[in-house]
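Please read through the structure below; I'll follow up with questions.
Labels run A, B and C following the written order; every chain starts at residue 1.
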Amino acid sequence: MTTNTARDGASTAATTGQAEPGRGTSVRLQDLTRAFGTTRALDGLSIEMAPGELVALLGPSGCGKTTALRIVAGFETADTGSVLVDGKDISSVPAARRDMGMVFQSYSLFPNMSALDNVGFGLRMRKIGAGERRKRAGDLLDMVGLAPQASQYPHQLSGGQQQRVALARALAIRPRVLLLDEPLSALDAKVRLQLREQIRTLQQQLGTTTLFVTHDQEEALSMADRVGVMSNGRLEQIAAPDELYTDPATAFVAEFVGVMNRIPGELRGDGQVAALGSTIPVRGHRPEDTAVDVLVRPEGLRLEVVENGNGIVTTRTFLGSVTRVHVRLSGDIAVQVDKPSAESAALAPGASVAVSLPAQPVLVAARRVS
Amino acid sequence: MAGTVQAPGPVTGPGAPGSEAAADPGPPARLTIPKLLRGLRRAAGVVPFGVYVALFLIAPLVAVAIGAFQGNDGGFTLSNVNAATHGVYLKGFWQSIILSVITSVIPGILGLMVAYAIVKAEGGNLLRQIAITAAGVFANFGGVPLAFIFIATIGSSGLVSQWLTTLGFDPYTHGFTLYSLLGVVIVYLYFQIPLMVLVILPALEGLRPAWREAAENLGARTWDYWRYVGGPVLLPSFLGCVLLLFGSALSAYATTEALTNGTIPLTAIQIGSFLNGNVIAGQENTGKALGLGMVVIIAVAMVIYVAMQRRAAKWLR
Amino acid sequence: MAAVTQAAPERIAPPRRPRVVFKGATVWRWVVLIVAAVYFLLPLWAALRFAGIGAFGSVISQPGFTSSLALSVRLAILTTLITIALMLPTTVYVHLRLPKLRRLLEGITILPIVIPPVVLIVGVLAIAPGFLKGTSWLLALAYVVLAMPFTYRALDAGLRALDLKTIVEASNSLGAGWLSTLWRVLLPNLRTALLSATVLCVALVLGEFTMASLDLYQTFPVWIYVNSQTSGQVSVAASLLALFVTWIFLLGITVLGTRQSRKTGGGEVTLFTVARTETRGN
């Protein structure tokens, strides 16, 4: 599994001592817990980040991902657990001395400074001379494509431009770790896509270990080396994006990442579940109750046009290479089926179809009462 | 002002002599009757306000300005202005200015500290609401009631004076008296600090936490943050507030009147005594000259404020 | 399922970090607040001791109490009505039709703050026509000028929170005329701002001394002053009473207003927004 190889990489870096700034910094979150009053924001979070890796923390709001990030940055302290950078515990190091670069969600640029001065701020704090500062800040603005805007003030820049300046500012200090707190959430869709690529490219170029927090799964899946899905302060699964999609470990991950159909079924004692007229093996966690929902991806369902099938097509949407079909099954169950458009000619609304489950092991979850 | 009035532009167009192949800016905008009428119609909505301001703000000021130069016979004279800038009236101006500067800068700084404490304190919303309403009440609380309350506190037989006496230190035998400039300063703080708090609070809350955190993340300590980010961002508001306090202190009348009964010459009180008729006959318009003087002082203060703002923006780059 | 169930790890958990971090800054902050509280509350306490509880009772029975209070209240109501009747349409109009004038309007409304009321009353008395001079109407009209800055700011803040143009256009497109729009759409949305403006006007008038005394009208503050010559204790008691009533009034309005605005999804009611708030683009 990917985590194993990553762990080996981390331990080698730790034994070699001083890691090169921006290259080869490993980060380890160990058993972090944090409670706000009675709510447990973090419930024993442990993650190992390999040098140069981009790990995304993905989850709904309130799952604890931002808290985790802020603990790494030093703006919050964990109740228990520690953060280790290159093997050293930095939990007691104040935020200003952690040598990490952070990009906030929005409007974090200092309004009284030009873009160039903003980017050079961290360098000023490190007592780097004005000339050198200007040069390095200029280089970084160039890297994010904003050299012409160097003397402009934040209020003169668009949201996307501001975030690029924020990124340049965080990278100017050549941080060991880059932290991104939902940096694209406040931007519109087109800008978001552009920035996504730019961040990823820059990060890979510089080889900076990066922790990226987001609630947008598309963002996480397209940018990260590994994605950690969180819910209620716990890490549900951390794996490479494709593994997350094809092999979700829990029902939560399965439903959070991509679309999942829920089809009622009955658990049988022999580790199988009966649904849609077939019996298939169950994988993963088995709920207590025998009344369950079977979780299947839209492209995982089998669909054929037959007379007197178990369902009727309600809508059909052409999406290019894929056609999305909504089917109402007997028992008033609605499912979404994605099929290659080449095979979908006969799927008009009203058509009678047969929907069946493939023979592979499926995930099940406790039945949701609507 | 209202509507768009543009000077006639150069005549351009294909046939015009000297026209280049550069982009044609379009037909020239000319001041036409319809445009003017339309502009006037649009301005109609603010006419009531304009009339009111003209009648009750501009006209009185003009009357004061004119009266300052009017002799008793109605003719133009500089004697009023002359009287206003000498002797006890000159002293009044000086004292007023000094008093106002002291009671705008000190409460400015103190008020900033209090406001900052309120913003950062963890009492949540309740503390904030209480503090704001208290500040609102105290800012408007001045004049006679305030003077009396302080007399009851640190007057010669005030509560605190008595406490200190029983502790062995009677302030009044050591030269302190409430009925002096120092006493007036102490009392002025009572409404100047809340005014400062009220006015600077929104500006303080406008300091985004993200700025503080970003600065920290980049290695800034508390001092660095205030020096490079917090201070510069806050400075314009702070200066504006101090100006407000200056005007407020200069205008304050009742408090000092009640405290000092005219023993300390202050311009505001001197003007008042003209209206009360406690003046030498034949010098009525001197009061108007004093009034004009006050307006001039405040105008100068505003000019200084604008200049300082511009300069400060450059310093802190 | 794989047998991954293990016994709870028998590690020694690392020591729990203390939740309350005692920073120097926090201590300093509370010191400031406590000193401020003492400075503001001690004089009140001293005044209370000085006046004695008995004085409060006799305040109400003093000659001139009711008449001066009634005058002040009347002036307050009058001033508030005139001010709002003047400022509301103007501010709405400027916001809607003449946005370029906003700066000018702001500048004009700053003037009364920096023009000393003493000077103003001198000028007003100099130009007032005879028929107005003897009435309290003159004073009310002059008060409107004093109230202008705060009223404008309260209304301006309230209007800026609305997307005025869009709301008015939407209202018009659904068939509402101007009066209807003003009454049914704008006023309800400006309730908080209007409340602030009202409270500020009332507080201002109830506390105003300079102009009233020089215009020779015995409003409540003037009455307190005049009365002080005879009985210091009663005056102090009256002052405390005025302060307390104003405070209760403001607090009540703020709480009520906040509850009201929370119902409609607004934030808390801020009475005093004299400084310009930076627009938080979103």
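As a working rule, contacts are C-beta pairs under 8 Å (C-beta built on N, C-alpha and C of every residue); 3 or more make two chains touch, one makes a residue touch a chain.
A quick note: this is a predicted structure, and the numbers were derived from the prediction, not measured.
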Result of counting contacting C-beta pairs for B-C and A-B, higher pair: B-C
Greatest separation from chain A - chain, by CA centre: B
Distance from chain C to chain A - Cα centre to Cα centre, in angstrom: 48
Rounded Å distance, chain A centre to chain B centre (Cα mean): 53
Chain B and chain C, separation of their C-alpha mean positions in angstrom: 18
Residue numbers of chain A (touch at least two other chains): 107
Of all residues in chain B, those that touch chain A in their complex: 208, 210-211, 213-221, 224, 228-229, 232-233, 316-317
Chain C to chain B touching residues, read off their complex: 25, 29-30, 32-33, 36, 39-40, 42-47, 49-51, 86-87, 89-90, 93-94, 97-98, 101, 104, 108, 111-127, 141-142, 144-145, 203-204, 207, 209-210, 213-214, 221, 224-225, 228, 232, 235-236, 238-240, 242-243, 246-247, 250-251, 254-255, 258, 268, 270-278
Residue ranges of chain A in contact with chain B within the complex: 73-75, 94-98, 100-102, 104-113, 117, 121-122, 124-126, 166, 169-170, 173
Of chain B, residues touching chain C in the complex: 1-2, 42-43, 45-46, 48-49, 52-53, 56-57, 59-64, 67, 113-114, 116-118, 120-121, 125, 129-130, 132-146, 148-153, 158-160, 189-190, 193-194, 198-203, 206, 222, 237, 240-241, 243-244, 247-248, 250-251, 253-254, 258, 268, 271-272, 274-276, 287-288, 291, 294-295, 298, 301-302
